[in-house]
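Contents: one structure, followed by commentary.
Chain lettering (A, B, C and D) follows the sequence in which the chains are written, and residue indices restart at 1 in each chain.
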Amino acid sequence: MRRISYIEDFTKWREEFSFSIPIRIRFSETDMFGHVNNVSPFIYFEEARIEYLKSVGIFNNDSSNEGIPIVADLQCDYLKQMYFQDSLELYVKASHIGNTSFDIHYMGVNQNDEVCITGRGRIVYINAATGKPLPLKNEIKEKLGVIITR
Amino acid sequence: MRRISYIEDFTKWREEFSFSIPIRIRFSETDMFGHVNNVSPFIYFEEARIEYLKSVGIFNNDSSNEGIPIVADLQCDYLKQMYFQDSLELYVKASHIGNTSFDIHYMGVNQNDEVCITGRGRIVYINAATGKPLPLKNEIKEKLGVIITR
Amino acid sequence: MRRISYIEDFTKWREEFSFSIPIRIRFSETDMFGHVNNVSPFIYFEEARIEYLKSVGIFNNDSSNEGIPIVADLQCDYLKQMYFQDSLELYVKASHIGNTSFDIHYMGVNQNDEVCITGRGRIVYINAATGKPLPLKNEIKEKLGVIITR
Amino acid sequence: MRRISYIEDFTKWREEFSFSIPIRIRFSETDMFGHVNNVSPFIYFEEARIEYLKSVGIFNNDSSNEGIPIVADLQCDYLKQMYFQDSLELYVKASHIGNTSFDIHYMGVNQNDEVCITGRGRIVYINAATGKPLPLKNEIKEKLGVIITR
């Protein structure tokens, strides 16, 4: 398998995922080359990221003194083509959990248990009003950590 | 040519357009059937509609006592396939101008002067705060009318 | 309720649906106005239409002497805003079944049992090689009819 | 400015771009957070990449013994929010030109000369029939190099 900068040991990396959502590939997300368009994995990452952040408790929190998560960067490695009728399971986990930010790693697996896409991106937790980075509460860090390791 | 419910005389209908914008078809707007996806014309209608409404002065008006335009319905007739490298010109005109609403008609023409798509949809002008229909000012009606007939 | 040209009796029209699929609204399908973008219902119509056509047996049929279904036109009436976390159920049924074509009607209902969108569009069944309209087999007509009336 | 892994000296990196295309942000590419959705930059990268590859002569080449370019990975750093009415110029250049592959770097600049997004991704040149990597011809390597350095 191709070397991917954010994955040291692929088997170990893959085993660390526990959270996932199913992705139903839309027909409009294919392109004239006959398979899923290169842009579409980032749509799937976003779907999975939001569900994950909701599970951790930092998406769409209504209490106004809380922070919001911002995507600082995103990347995707295309390992195998995906097709319209594929059943895709999108896995998500946290990594490199810092004081005000953390990484999210992504893995998309098709119905034949083949990893089609991997990815990662940094989430920065900021104060919505000031735009300044905000420390992640311990309970959130714990949730991010627990979800990784269990 | 196929009968289209909102077009009585196609030659006359086509001649009444004067406002248009060029559309650059995105690669991601094609699909696995090799041409532009059936959803994409509605993206192009939206692009052209917004530019038209801006030209008439009723899009994104900042004065808070003004109304906003709402799309009540939309329809598209697919006359000819469109392809990635096509140059599409999207024409827009107003029609059936009422007291608080009007229709917008759409026509997409490719580089060979072939009409690929036609469409229409009702715009209702409402008070953003109350959601109630709001009478169109005479100056807006005039602009809608002038653009049709010149 | 607003008058919609392709619906005579709304209660009766709604009762005739039996086929549906759940739609998971993608975050990227919202827009800066805070709700689901006006283009997105046509993505949902396409998802539901394909599943319906597969159930009837005329989507992606590999036998090369068979026809393919083509979308001739599409329309959508926007009755109620849809939002990111909404659970949408998209209903589909056939109507006006002719020799080589038929209509598909669409209805999107949210988690509060509110009809947010309705729509319709003509499907023409053609020979993929020649582009000519092809008669629908009786077994397909029956499936289209059965699904309506049961 | 934040540290970006694929940029050593930002001023020098920025100066090396010469090829660009204008991007018209579509309304449907915004999201309910009020600005351009995180997925959309990858649509813009694709638009600019295709135009660049066409200029170099390796996109949609019809001669069947030629190769095709495949996207191996993509990444984007989000430096500044983009908004609906922004005028975005998307710059592209080649980098790390190897025997059968090369990187493309991306930079999106708004109407205030602010860099909103940067990115990169590997392009692998393959034989469309066999899927095997194919050596880039010298004339293509030269075009990739020339466009970087002039």
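Details
Heads up, the rule we're going with is that contacts are C-beta pairs under 8 Å (C-beta built on N, C-alpha and C of every residue); 3 or more make two chains touch, one makes a residue touch a chain.
Being a predicted model, the structure only gives us computed values, none of them experimental.
Averaging C-alpha coordinates per chain and comparing to subunit D, the farthest chain turns out to be C.
The chain pair C-D and the chain pair A-D differ in C-beta contact count, and the higher one is A-D. Our note on geometry: subunit A versus subunit D, Cα centroid distance of 23 Å, whole angstroms.
Separating the CA-averaged centres of subunit B and subunit D is a span of 32 Å.
Between subunit C and subunit D the centroid-to-centroid distance comes to 37 Å (mean Cα coordinates, whole Å). Residues of subunit B in contact with at least two other chains: 27-28, 37, 39, 43, 46. Put simply, subunit C touches subunit A in their complex at residues 24, 26-28, 43, 46-47, 50. The part of subunit A that touches subunit D in the complex is made up of residues 2, 4, 37-39, 42-43, 46, 70-78. Every residue of subunit C that touches subunit D in the complex is listed here, in rising order: 27-28, 30-35, 37, 39-40, 84.
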